[in-house]
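The same chain A turns up in both complexes below, where it pairs with chain B and then with chain C.
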Partner chain A sequence: MADDKDVLRDVWFGRIPTCFTLNQDEVTEREAEPYYLLLPRVSYLTLVTDKVKKHFLKVMKAEDVEEMWFEYEGTPLKWHYPIGVLFDLHASNTVLPWSITVHFKNFPDRDLLHCPSNSVIEAHFMSSIKEADALKHKSQVVNDMQKKDHKQLWMGLQNDKFDQFWAMNRKLMEYPTEEGGFRYIPFRIYQAMSDRPFIQKLFRPISPEGNAHTLGNLLKEMYPTAIPNDGEPKRYQVVIHGIEPLLETPLQWLSEHLSHPDNFLHISSWITQETVGLNGGNSELTDSLMRGRSESCP
Partner chain B sequence: MAAVTSRRITTDSAGGSDPRGPVLPPGGSGRSAETWKRHIVRQLKHRDLSQHAMFQDLIRFYTQLLEKTSLAKGILSCSLRRPSPDSSSSISALLHQNSQLKKTTGELAYQVVELQQQIKIKECVLEEQHARLAEEECRLAGAFDSHRELQERVERVQGKNGVLKTEYDALLERQRGAETRLREEKVRGGHLVEDMIHLKQQAAARMNSRNERRSRAREANLQKELQTAARSKVTIDSSSSAPTSRSTSPKNENQDQESTEQRHTRLFRSASATSPRILSSIRELFDRKRRGHSVCSLEEDLTCPVGICLSARVPARALHVLDAHEQGINAVRFSSSSDLLATGGTDRVIKLWEVRAGSLTHRATLDGSTEGITCIEFDPTGLRILAASYDKSALLWRLDDSVPKLTLTGHIRKVTAARFSSLPHQVVTGSADRTIRLWDLQRAACVQVVEVASYCSDLVCSENCIISGHFDSKIRVWDTRAVSCVQELPAQGKVTSLDLSADHRQLLSCCRDDCLQLVDLRRRSNDRMCFRAEGFKCGSDSTKAVISPDGCFLAAGSADGTVYVWNASTNNLETRLPDKHSSSISAVSWSLSGEYVVSVDKSRRAVLWSDI
Partner chain C sequence: MSLCVLEEETFRHCCRLILQQSEQLRDGWSWESVQSVLVASAGADSIQGDIDDEDDDADEGVCTVSEGSSQVLQYEYHILYSCSYSTPVLYFRAFTLGRSLSLQEVWSSVHSNFSFRLQNSPLNTITQQEHPLLGQPFFMLHPCRTEEFMRPVLQVAQDHNRPVNYVLTWLSVVGPMVGLDVPLKYTTSHY
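On to the complex of A and B.
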């Protein structure tokens, strides 16, 4: 149980070192230094980047500033995805810090949603919670909550208050014991290099025979290509919160502990670079990079 | 840091970001549920370490630097931006502003100083008022204290008053109670006094009536006699009348007339015998009140017949046992003629008995002593009885008169012995007041007081000497005429009684330590014989032992009521006479004829013994 609490805390307090660099095309009065920031994995980009905006506004003229948007290596970053998901999906194998380019002009309307104020983010966040609870408890729990409880959830996320958030969120993580788990597991599988935004389907945590479904079962069901057949080397990486859980991890547990604050289990997967075909130095580079990541602890 | 510890695990384990991907379980069911959890925990820790921890400090410092530089830049830019438009006017404006500000500061400082002074003044006033308030409070406290003190005093005084009042009430109650009791007692006392007076009056009336009766009887008798005498013829008869036992020895014929005439009148006080004195004697017969005169005549008692016992007989059995008195009997004496016995005791009277036909017959009672009788003696003529009494006096009766003729007072304590001396008209008394007094009967006065060293318990008189026995175990012999101590004889113990033999040669002393001692007075060596017996105990301090009239036997009564008789010459116990007395025998007496022995005891009993 202590492990579970630690897991929750580690999940909540996960950070990604990011370097925000202003786009060169932006008109500035003088050169803007990059701005470094530790972004929380569980939060949303527009929620946590006020300082970035302030920093860059210092060097820009007011008339040149429109809505701020971010992109990474050409890909506009959708603010309504949790930051951790964005990182895992796009830049998990790259050298830290994560370099994000900040734009103030030419907002890509087709790719990104506008985010004029924090209430938009709140609305999106609450709708995610409600959707997740609809899957888990047929919306009973979230509807029993009062308005102030919803507000507490949002304020906990906004102000980075773990205890405040989880005081309410634990209600959403309860399930009747005779069920053995939630009704359906709220999850989204994100694939890099894919047209589909994500895979989301109904999936029960307990099999009709009473066995607990594992991550492997889910992937087999939803994304069978990710799981190699016996004997074949691993081809895909399945990452949640930047780590790769073992395939036999029970799904119910994953949903309770490794969900994001919006109660969804966001799973990112991509093809491992080796199997893409990079061989020779590149694979070694990536190998050494990955090894370096794991061994670079002083 | 938790990250540091978890690092160790991660470097050891095969987990972590394994490039080969998630490890497939080899057996599937062999792994525990905790493995995946541990894996996840490890992974999270590792991720945090690499992504978070490493960059945390760096980014912080970077941001700080950025802020500092931007601040500096801002200041620089601010300062740079200002001078470009109109600098001079702004400087003068600034200077002007500066001076104005200085003025205002000066004014304000002045105001501040003023206000401060006012504050100081106000503070002084406040302090003064505080001081006065404190003073007043002190005085008030003092007033309170004194008030409280006074209240306490008042309460104390009230308390004391209350206490005094209760005491007073209690005393008043007691006084009233005492008064009522006093009244009651007075009333009772009055009643008692009345009763006593009444009783005394009754006694006096009785006495008076008795005396009156007696005197009337005597008068009547006298009248009758006178009448008969006056009527009868007087025949002068010179021959002496036969001496009767009752009459005195025949003297000269002067006496005869009166003796024959007055033979029956011997109960009266004797008148002198000589005829010229008839009238005076007749007159004196009516003078009853006068005592001391004509107690005895010169002619009387000069010579009297002395009986001689030829042989005493040892008593063997009791002839007569009777309760002779009302209370215990202390003394018993046979008179010089065998027939009369006198007993006296605690009941204050002397009873005279006649021994007739083996029994004691009561003849007369002599009273007049106010307390018990200790010792009785008949005078040699047998007409008078001398008794010593507890009432510190010795009394003399004539046998025919129950009222004592003489009372010899003068001793300070009880008289233990009274004896007729060898000198005529002399009586010797010994007393517990350690004196021996000699009395003259004609004058009825004490002629000499002899101080002795000790309580005199008994006396005997012989021709020349008086012998007294004392509690200090000594027998003292006094010369009669010089009345000085001639000799001191030691006794065995406290002397309780003395007895002289008929020939005045042997002295018997009875001692408290149960021993009888017989001393020969005429022998120079004064050897003694001691008589003891088993079971003989001297019962009191005044037990009397006697020598038999012939001097052969000694008799004494013991504390257990047995009469012991010793043989004087053989020193042996002759006989014991038990069982007749139930208490301690106080005295025995042997009759002159030697026939009878009478013993008396403390329980009123008298026993007549004889050998028949």
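On to the complex of A and C.
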């Protein structure tokens, strides 16, 4: 079996090449050049775009600048969703680099949460971690951590420090051996073109008979239309970190290895478009998973 | 502690009882069955409040309506069930003149007695969150400390063999903190 740690690294270091363009209605003193950046899939837009803001502020007057927000093809982008999820959900069939439009006025406060400072991002991130632990361990592990341990998780994400983050996060991935897995799996299923933002419900990794539940089992329970019946062609794509894991993959393994730093499995799904394949997927991750599969085959 | 765990079915039952009372009192609660949400919308003509800007380090976006001026506020409250925490969760938003209120404005429109205590209270955090069913920004009272203030109440009720409507009890604690009054008439004979 390929080293599972490779998978953790590949997830953490996944990047999406992005081109930021200023909204043409903004008031500028001269023309603004687009700004290019590699965005971490596992981070949040407002955490990694200080340079974008500085770049465009150079051509704008202070009085024309309000809270920065981002939009893709008319859709305001929710900064509180991990960047990789936003890409997979909205732009996976687009040619790279991902083209995002930057705005400095008319903040859409019916659609987007405000993000006045990094402490808001930190609070949101820690809130997700706590909720995930409530599901996995009845909050016991996260409550046993000290404030400085929580800070280490956040600083690890903020400063892109894989080792610092995982030194602490591994505690959140442990479980009593006799249980076989977490109490419940923290997950969210996002459906493109749905009114509902996401599906999140209780789901155990192990069946009462002691069998490991798979990704397919989860979808069958939570989003059955995504799973084709026997003999029918696949109509939906189910994507995590830009790749399509096999439906037979054990859910417990996915939760331990393919969760985002917030400890949730974020699963995007949409109806297959016939022409185009998946772009912007994490190819190193695909390679790791393929190696793991081939090595475990008899 | 199983005492404080609220099962989803019990949540629905508690809400049904609240709705029965609400229909008699006509105070505006409704149940969105598709989304399992208890919704109350306090009409624009029934709540009046003052928005004071007492914040010294005012940043952009904070309301700068002058002190003492009176505005009409409209609040919308949603009670949802959190399966992660097995508790009810309160989401709310507020508008004035078609504009959403900021968190600072919400704080200042809450009665000053509560406002100071709330901002320093370890039991409650109000943050802006995405409504899990509507996908729009709401304010949310974080549920992770609910068990702390519910436990003593539930324990006493259990000791005295008194039935308790978990949701109603919980609402009577958290509601007033965010401008939602729970009339005494709710606590009549049956729970």
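Criterion: the second predicted complex is superposed on the first by the 272 of 298 C-alpha atoms of A that agree within 3 Å, B and C clash if a C-alpha of one lies under 4 Å from a C-alpha of the other, contacts with A are read in each partner's own complex, and residues count from 1 in each chain.
Throughout what follows, a contact is a pair of C-beta atoms (placed from the backbone, for glycine too) under 8 Å apart; a residue touches a chain by one contact, two chains touch by 3 or more.
For clarity, every value in this text was computed on a predicted model and none was experimentally measured.
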Regarding the shared-chain residue A:Lys58, is it in contact with chain B (first), chain C (second), both, or neither?
first
Should A:Leu172 be classified as contacting the first partner (chain B), the second (chain C), both, or neither?
neither
Who contacts more of chain A, chain B or chain C?
B
Between chain B (first) and chain C (second), which does A:Ala91 come into contact with in this model arrangement: first, second, both, or neither?
neither
After the superposition on A, what does A:Val42 contact: first (chain B), second (chain C), both or neither?
neither
Give one of first, second, both or neither to describe whether A:Pro116 is in contact with chain B, with chain C, with both, or with none.
second
Who does A:Phe198 touch here: chain B (first), chain C (second), both, or neither?
second
Across the two complexes, find the residues of chain A that touch chain B and also touch chain C.
none
Footprint of chain A on chain B - complex, ascending:
3, 7, 10-11, 16-25, 28, 31, 33, 35-41, 43-52, 54-56, 58-59, 62-63, 66, 70
Touching residues of chain A toward chain C in the complex: what are they?
66-67, 78, 80, 109-114, 116, 120, 123-124, 127, 130-131, 134-135, 139, 186, 195-198, 200-202
Interfacial residue positions of chain C with respect to chain A in the complex
59-61, 83-85, 100, 102, 125, 127-137, 142, 144
Chain B-touching residues of chain A, taken from the complex the two chains share:
3-4, 6-7, 10-11, 13-17, 33, 35-38, 55, 58, 96-97, 228, 230, 233-238, 241-250, 253, 258, 272, 274, 287, 290-291, 293-297
